[in-house]
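Chain lettering (A, B and C) follows the sequence in which the chains are written, and residue indices restart at 1 in each chain.
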Amino acid sequence: MLEVKNLNKRFGGVEAVKELSFNVRRNEIIGLIGPNGSGKTTILNLIMGYYRIDSGEISFEGDRIEGLDIHQISRKGIGMTFQITRIFRSMTVMQNMLVASRIGLCKEAEDRAFKLLRFLELDRVERELGGNLSYGQQKLLELGRVLMLEPALILLDEPAGGVNPVLIEKILDRIKQLQEQGKTFLIVEHNMSVIRRICERLIALDHGEKITEGDVEDVLEDKRVIDAYLGAET
Amino acid sequence: MKKQWSNFNLLIIGITIGIVCLLPSVIQNSFMVYMLLLIFFWALLGEAWNIIGGFAGQLSLGHAAYFGIGAYTSTLLSINYGVSPWLGMIVGGFLAMISAVAVGYPCFRLKEVYYSLATIVFGEMMRLTFISELARPWTGGAQGLIIQIKDNPLQFQFTNYEPYYYLIFAMMLASIFISYMIMNSKFGLDLLAIRDDEDAAKSLGIDTQKAKLKASAISAFLAGIAGTFYAQFFGYIDPNATMSYVISLQIVLVTLIGGKATVMGPILGSIVMTPIDAYTSMMLGGTYQGLHLMAYGMVIVVIVMLKPQGLIVLTGRVFERMQALIRQTPADRSGV
Amino acid sequence: MDLTQLLIQGLIAGILLGSLYSLIGLGMTLIVGVMGIVNFANGALLMLSMYAAYWVFVYTGVAPYALFIVAVPLLFFVGMAIQRGLIKPIIHASYEAQILATVGLSLFLTNFALLMWTADYRSVVTPLSYSSIMIGDVTISIARLIASGLSALTGVALYIFLQRTKMGKAMRATAQDRVLASLLGVNINRIDSIAFGIGSSLAAIAGVLILPIYYVSPTIGDTFILPAFATIVLGGFGNFIGALVGGVIIGIAESLTAVTFSSEFRQVASFLIIILILLYKPEGLFTRRLRE
């Protein structure tokens, strides 16, 4: 579904992503792991269009998307949540949802939004301003907002970051349910238990390069991955 | 978000409009009529700015340029080609619109500070162009242009206040209506999202560049037609009176005081600011030149630091309490 | 004078004028770099410095260039006060709030001066004001030459401060990464205050330097703020070398425009440069392309 080929990106003197290639298959939940600075968030940003690639190709459902504007990539069916939540603080929860509506402001959109809010147990706070929500609620709202777009592929940047274990469970349950409904996920995560619980396949990075990929347990036990996390000298 | 119109709301609106229409006949004091006229005028400018500056959150500090373009377009068309200022007003509005898009196209792509800087530059550039000796044969330069006001309704000329009063009131109502429509549309939500976090808005499929340009265009058009009104009412325009940085700041101030990104904020701001402005510049203008502008500077700083949402938040609570008392507000599922 | 002589004259005048723009630009770019705030009130501060110097001159007859002793410390502390009172509370507010705060301050200060001292033009006339030297066929005003030289000297002093002193290095660190700097133990608040103080002092120095050359009036700040903006846009926000070179470029552009067309169009040069830079290289000519 998503094909990344020979991706390269440097910032000034730093090569953030080096000759990276990987695929994301339809309907799978794939995890992107690696120590800090390995380029994980950069990759998500490159896919979504926040950064422009230096070289390489990104294809989604057969179409090349590198170089497109962010909103164009979004319209192709890719959604993203952020490491630090970026909900609209001065708008209400319901307004946050409706902004993402592809069909404008109509009863149907409001109904869908409300259903999603209920799915995420945010329906009680629908009139609350985004800025007044707790961090966990904001994370859920961001997820809900991206779901309003009805994307085929969802990029999650550390969905469990800063969230209490109970809420993490809730989020993971939702993700599993969404997978059953046909969605595909690419998740960047540090939290190993989350990865074990939900990812089907892993791609491990270090210093912008892919060091291995494959089954969750295999990758996590791979010596190279462990070395990367423990900071062995390259 | 569709705010359901309760009978209460409609009644209040109807009564207000009725009162405003009857006022000139009831109050024989032409100064009061003039003052109200000015209030409506600044409210219109405030509403215009609010669309790009409030809803979309893009701080335009050069709106006087659009105002001036409107004023000069209709005036020059009228003086040189005998075109009726009614038509000139529309043309002026469109020219203002085109300028806004021309400025916005390169600058909306950049960080917002650059946009604000660019609007200041554009405003000053317009003023200097129109005031320059080079342009004098065409624009009248620093001496400005005089419009002969005789009684000629077809040429947008009236000899007493009343017609102007009703006209500016209607224009203000139109701007409120436009503002209201925007606020309740997806476009309005998009603008608010852009204001809060433009990058996040992009990730939701919003073409932020297009949205900002659209808002800017509407805003400039309204400022432009206000310019024509100004020209036809005061009968004299010059670059310093119409295109100066101070005028731009005043336009911002109206909305800032009242409340950005709200429909009625600019109205409230004008109600508060205009009488004070008129009073200080008339009473104190001569002896204490600069006092009212100094006060403006202080007000800007105070509002920004203490009450950035504007005074409208105070009225919001009052109004809500009134509504609760009458108990006619329907369950408003999604509104703020 | 034939065309080449005219152009050379314009070039020289431009370099001299440009060094003043560099000075003011340095102050503004320092503040932008350290705090991320574009100080719209910088011109007003220059104006205040001029008035302070003017009044001291009128009452004590001290030689104009000695007035640094008064203007610079005064504006340094005024700058720090502004930072503490106005900037610090809104350092985390929206960019609109930050812009409006300094815009409002500028409006306030300019009209305060108007109120206190009226719009009358005043001037400080010294033997320097009208003297000039001739190099070949080119006339150079001595006052401008001195202004230029002292500007350059100030630039060097600032450079040494930023590169060699502990505080200067802390300031540069803050400009690069505020969070990291504070984690490394830098007192961000103090750096901010001092940076704003320095920025204001640079404007103050410029104010004293132009005292023998320009009329003192409440609006003198406005005359200089636009080229100052052009300087920091051209040079890149926070870019030291950019401000130095940028100021001179702006000065030359203005001067040549005045010479070839008319004095009225001086400011058009600044405008056009701002527009062109924003269109094609918004991070400034001297900054490596960072934005995506």
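In this section, a residue touches a chain if its C-beta (ideal position, glycine included) is under 8 Å from a C-beta of that chain, and two chains touch if they have at least 3 such contacts.
Keep in mind it's a predicted model, so treat the numbers as computed, not measured.
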Longest centre-to-centre distance from subunit C, chain (CA-based): A
Chain nearest the overall C-alpha centroid of the shown protein atoms: B
Approximately how many whole Å separate the CA-defined centres of subunit B and subunit C? 33
What whole-number Å value describes the gap between the mean CA coordinates of subunit A and subunit B? 42
Approximate Å spacing (C-alpha centroids) for the pair subunit A, subunit C: 46
Touching two or more other chains - residues of subunit A: 50
Would you pick out the residues of subunit C that each touch at least 2 other chains? none
At least two partner chains per residue is the criterion; list those residues in subunit B. none
Of subunit A, residues touching subunit B in the complex: 48-50, 69-71, 74-75, 79-80, 82, 86-92, 94-95, 98-102, 104-105, 110, 126-127, 129, 145-146, 149
Which subunit B residues qualify as touching subunit A in the complex? 1-2, 184-186, 189-190, 192-193, 195-197, 199-208, 333-334, 336
Please give the residue numbers of subunit C that touch subunit B in the complex, ascending. 38, 86, 89-90, 93-97, 99-101, 103-115, 118-119, 218, 226, 229, 233, 262, 264-265, 267-268, 271, 274-275, 278-279, 282
Subunit C partner contacts - residues on subunit B that touch it in the complex: 57, 59, 61, 106-107, 110-114, 116-118, 120-121, 124-125, 128, 132-134, 246, 249, 252, 256, 288-291, 293-294, 296-301, 304-305, 308
